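Multiple structures are listed underneath, in structure tokens.
Next come two complexes, and both contain chain A; in the first it sits with chain B, in the second with chain C.
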Partner chain A sequence: MSFFLNQVIIGIQLGSQYVMVALGLTLIFGILDISHFAHGHLYMIGAYLLYMVMVLGGVNYWLALFICMAALALVGMLVERAVYRPLRGQPQINTFIAAIGLILMLETLVRGIQPKALSVPKPIDKTLSFGGISMEVQRLIVIIGAILLITALQLFIKRTRLGTAIEAVAQDREGASLVGISVNRISALTFAVATALAAAAAVFMAPLAFISPEMGGVLILKAFVIVVIGGLGSIKGAIAGGYILGLLEALAIAYVSSAYKDVFAFAVLIVILAVRPTGLFRGRD
Partner chain B sequence: MRLKTAIILTVALTMAALAFAGCGEKESGKVTVRIGLTAPLSGIGAGYGQDIKAGLDMAIDEVNTKGGVTIGDTTYVFELLASDDEMVPESSLSNAQNFVLEKDIKVIWDPTANTIQSLMGINQTAGEEFLIMAYTSVPLYAQAPNKYMVTLPPPFSVYVKEWIKMAMGKGWKKMGMLQTTGAYGDLWGKTMKEAWTKAGGTVVAEAPASYYTESDFTPYLTTVLAANPDVIFCGGPSDPTALVIEQARSLGFKGGFIVIDQAKLDNIADKTGMEKLEGCIGVLPVEQGAENWPAMNDFAKKYQDEYGERVTWETAICYTGFHILVNAMKEAGSVDDVAAIRAGFAKGNAAVTSGEEFPVAFSGINNDTGALLMPGTAVMVENGKFVGMDMIEWWKQ
Partner chain C sequence: MEKKAKYAKAAALLALLGIAAALPWLLGKYQVRILTLAMAWTIATLSLNLILGYAGQASLAHGAFLGIGAYSFGIMVERVGLNFWLSLPLACLVTALLGMLVGLPSLRAKGPYFAIVTLCFNVIILKVFENWNWLSGGIQGQVVPRPAFLVQRWARYYFVLAFLVLTLVVMRLIVKSMLGVTLMSIRSNEDLAEAVGVNSFRNKLLAFVVSCFTVGLAGVLLALENGQLDFTITNYLYSFYLLIYLLIGGVATLSGPVVGTIGLYLLLDYMKNIGIKGVEEFRYFLFGLVLVLVIIFFPMGIVGGARRIWEWARGRLRRGEAQEVAG
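Coming up: the complex of A and B.
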């Protein structure tokens, strides 16, 4: 029983990371109709920035978290302004190619500067044991951090004027601009929020894994599947989809076969999609 | 008129430059021989591929600085063309085809089992033959005999017996398996499982993971640890292997590890510290190898000065292997007759190197399989130290 519980907690932790990345993707898709494939690579940049700020710069982990989120928010706005905005109104394939270009550029750039994998020390290097379960404190940080950020995002969107504006643009871009909402400002804001979330995910995860230029590639594929399963543009869907995928993976390793865990996890997701072709929640039409 | 002249001049100069760069055959009376390398030069395996490349670069640099090699009445210098394949068989195939068809290359170095397998499918094609210098411990020749392949490091089966002896000597019977997936890891896993069971042990859990895509091994480890193993069989590239060991210790695992030969214990120790490696069994770190082969010390120092980090077996073996290749070419009296070069390895002690002169000692070649004969040494971490065993001259067993 404690083994099952252990896998469930690890599944939630895996899911937390997926949710934080998928939320950004779904927000951007909802607002801008863009498949922002380079999102995972901005996550990677977040992890490298953490290394620079914390390991090279000697800054405290928690302060580094805010620095990375703020810096990546700016990077996100820059990407929106420089890469995607000029392509607004162009065929989808153009933004897609721009995203691929951005991926190649970022990956090659980082690899050129530091080709080897790096690691970041844990801020609290302890393992807790309770009821037959042992767990590194950093994993709890991932789980709790994700819950706090998801709640904060919900409050921001539902309770603030800017957040409501984001939702309005997501629902109807023309309508929103008719009532005086600046679509440009909202686009930039959405990118800032989404990229800051990815940076937070990277900062939480970096001490548990190692940092490499490829780390965003696998993650973004999973995040995309989550967003599609959850319903394109749906925030609730990204949250549910992320946790479901994390749990499926952790349980598949334990009870099915570790070598085929992706096969199992993705087969279940395909079944979900077959039953509900629009995804778990209705997103943007 | 002046514009036209300028254009003609530019075109003429460009063509002249291309003619020089393009063939590059003559360099003050010397003929350049190109050697191909297809390896992971980016991605998680990048460190590994770069180590291979470093060994070849150093050897080629040395041969060229000494004025090249004279075979017959021609003096040859060497040039390495390296292409990244990210360990993808299709990429290694297209790299090889480019080398052979476009660059007229006859010898290709390849350091990963699954990409070598794909090259083995094309290297005997009449008229397009090339020699594979295979850096892999997977004995691929046992599965598919290949006329034009030379294997450099000892086959991994050398270690299996020793490692099991060490582990069972500790009283360990229950093994959990968490090795990397892919051709190399799968074959290792299968071999290890069979040998372990045969020796009277049991495999209590199996959770192989892709060391190239996973960045967190905890769900695999909790699965393995739930079966309460005495020892965990693991390994792939060094960085993720270090993470596996680190995470296993964080989860409270007190037992030992058997680490497959791709992972370097000294590099892992750099990341985890020796304390976490207690009870770790694997391949001898290079520095300990220097006790047997004095030239290794100088080589390690030279490498450290040039590259700013510790030398690996990959670098030392490929460096020595390149010199053996040159010897084989001398014996063959040719730099482009693939069959003759391959035969040259077995002639006139071409594949024998002494530890006084080279960082690695080879005792020749098995002319049937193409395996170069280099001894392997197993090692275990006890009381914070690498405790080495005897060198295993596996070809005599």
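Coming up: the complex of A and C.
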């Protein structure tokens, strides 16, 4: 039983990471109809930035978290401005291909500078245990950090003027620009928020695993699986889908096979799309 | 006038073929090998061109199908002991059959979602080949024995060249046929094509299966040239590289894939061997950058861009003549 509960905790922690990445993806899709395939690689850049700031720069972990989020927010805005905005109005497949170009650039750049996998020390290197369940503090940081950020995002979208503007653009781009919302500003803002969220996920996760240039690749595919399952552009769907996938994966690794751990999510996606080509829950059309 | 242009084009193509046929006698061993590989990759790019360029469906599973074609050929020849001429078409058929099984569910998804599903499939195949040692031959990999007539390097060059010409001819026939027109109508507006009675799903599936058959052939030829396979032949990075060759060369043309693949393959190889520190590590950075710039500024690639410049120049020339006559 305690083994099972430990797997559940790992699943929730994996799910927290997935939710933070998938939320950005679904926001960007909802606002701009862009399949931002390079999102996972920006997450990877976030992890390397953490290494630079914390390990090489000697900055405190919690301060490094804010530095990484702010820096990646800027990078996200840059990517939107330089790559996606010139492609607005073109077929979706063109933006997708541009994103693949971006992926190649980021991955080779990082691998060229630092080919080895790196590790980041844990800020609190302790393990809590109670009643047969043992849990590293870092996993707790991932889980609680994700809950805080997801709540903050929800409040931002529902309670602030800027947040409602994002929602307005997501619902009707033309209508929003008619009432004086600048679509360009909103899309830059969306990219900033989404990328900062991915950076936070990277900072939380980095001490638990090695960081490597290809860490973003499989992650982004899983995030896409979540977004498709949860309904394109749906925030609630991404949250539910992320936690479900994390739990399923942790249990599959423990009880089925760990060599094929990355395969489960993709097999699920292929089956779902075969049965329901528009995704499980109906999102925005 | 039209006829004259047609003859000129045929003559140019024949001259090009003549040069290609003469090359093994002019170049060194290493260059012949690189050109042979480049031509095999061109066949793979041509296969992606059918499904992406003409039907508008971006398959990112072609790396997997390339590996499946290569491995089925290697396994049939080496482990089963089948005849060479039987194994070659059978390997392509196996690839096409798997392509049908993958296409049936995945072609229902549209646009980027088709790309994502096929990429997921490619990752699954890579993981299977990576972990299932019986299938992939583990670390030793899979040996691909060559028949006696393909032991010579130049013989393999002509063998691949012959298949490249054959592929180009078949692709041209497909593109000019009713199927080609139907595919292009699906690419430009799937709903409209459906409305006028085109069964878009069936046509997309047909294009996908033919495309998989062709990329299987490319896999077989690569396996023959390398003589040895390991699981990395199913890497999804190859799906990306094919995409880059195709987009930089020019989608929905027949010369684009040839120019893009052979040009980029030779350039990449040159950069690998140039010996300047940094160039080798960062060459794919350059390719990523070029891909982004091409898709923003020249969505039709080198061949499309050249064609546009040519048409613009000819238009100006004609207008100039017309003005002279009027004046």
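Here is the rule we go by: the second predicted complex is superposed on the first by the 258 of 285 C-alpha atoms of A that agree within 3 Å, B and C clash if a C-alpha of one lies under 4 Å from a C-alpha of the other, contacts with A are read in each partner's own complex, and residues count from 1 in each chain.
Criterion: a residue touches a chain if its C-beta (ideal position, glycine included) is under 8 Å from a C-beta of that chain, and two chains touch if they have at least 3 such contacts.
The structure displayed is predicted, hence computed values, not measured ones.
Peer 1: Examine A:V218 and indicate which partner it touches, taking first as chain B and second as chain C; both and neither are also allowed.
Peer 2: both
Peer 1: Thinking of the overlay built on chain A, is A:A64 touched by chain B (first), by chain C (second), by both, or by neither?
Peer 2: neither
Peer 1: Between chain B (first) and chain C (second), which, if any, makes contact with A:P86: first, second, both or neither?
Peer 2: In the superposition, A:P86 contacts chain C only.
Peer 1: In the overlay, work out which of chain B or chain C sits against more residues of chain A.
Peer 2: The partner making contact with more of chain A's residues is C.
Peer 1: Looking at the overlay, what does A:A259 touch: chain B (first), chain C (second), both, or neither?
Peer 2: both
Peer 1: Go through the superposed model and pick first if A:R111 touches only chain B, second if only chain C, both, or neither.
Peer 2: Both partners, chain B and chain C.
Peer 1: Could you look at A:N6 and tell me whether it touches chain B, chain C, both or neither (first, second, both, neither)?
Peer 2: First partner only.
Peer 1: According to the stated criteria, A:A209 is in contact with first (chain B), second (chain C), both, or neither; which is it?
Peer 2: first
Peer 1: Is A:I235 touching the first partner chain B, the second partner chain C, both, or neither of them?
Peer 2: It touches nothing on chain B or chain C.
Peer 1: Following superposition on chain A, which residues of chain A contact chain B and also contact chain C?
Peer 2: 111, 218, 259.
Peer 1: Under the definition above, what is the set of chain C residues touching chain A in their complex?
Peer 2: These residues of chain C touch chain A: 56, 58, 104-106, 108-113, 115-117, 119-121, 123-124, 127-128, 131, 240, 243-244, 247, 278, 281-285, 287-292, 295-296, 299.
Peer 1: Taking the touch rule as given, give the residues of chain A at its contact with chain B in the complex, in rising order.
Peer 2: Against chain B, chain A makes touches at 3, 6-7, 10-11, 13-14, 111, 115-117, 119, 127, 129, 134, 136, 139, 205, 208-210, 212-215, 218, 249-250, 253-254, 258-259.
Peer 1: Sort out for me which residues of chain A touch chain C in the complex.
Peer 2: These residues of chain A touch chain C: 35, 37, 83, 86-87, 90-98, 100-109, 111-112, 218, 221, 224-225, 228, 259-260, 262-263, 265-267, 269-271, 273-274, 277.
Peer 1: If you look only at chain B, which of its residues touch chain A in the complex?
Peer 2: For chain B paired with chain A, touching residues are 42-44, 46-47, 50, 181, 206-209, 213, 215-216, 218-220, 222-223, 226, 239-240, 243, 247, 250-252, 271.
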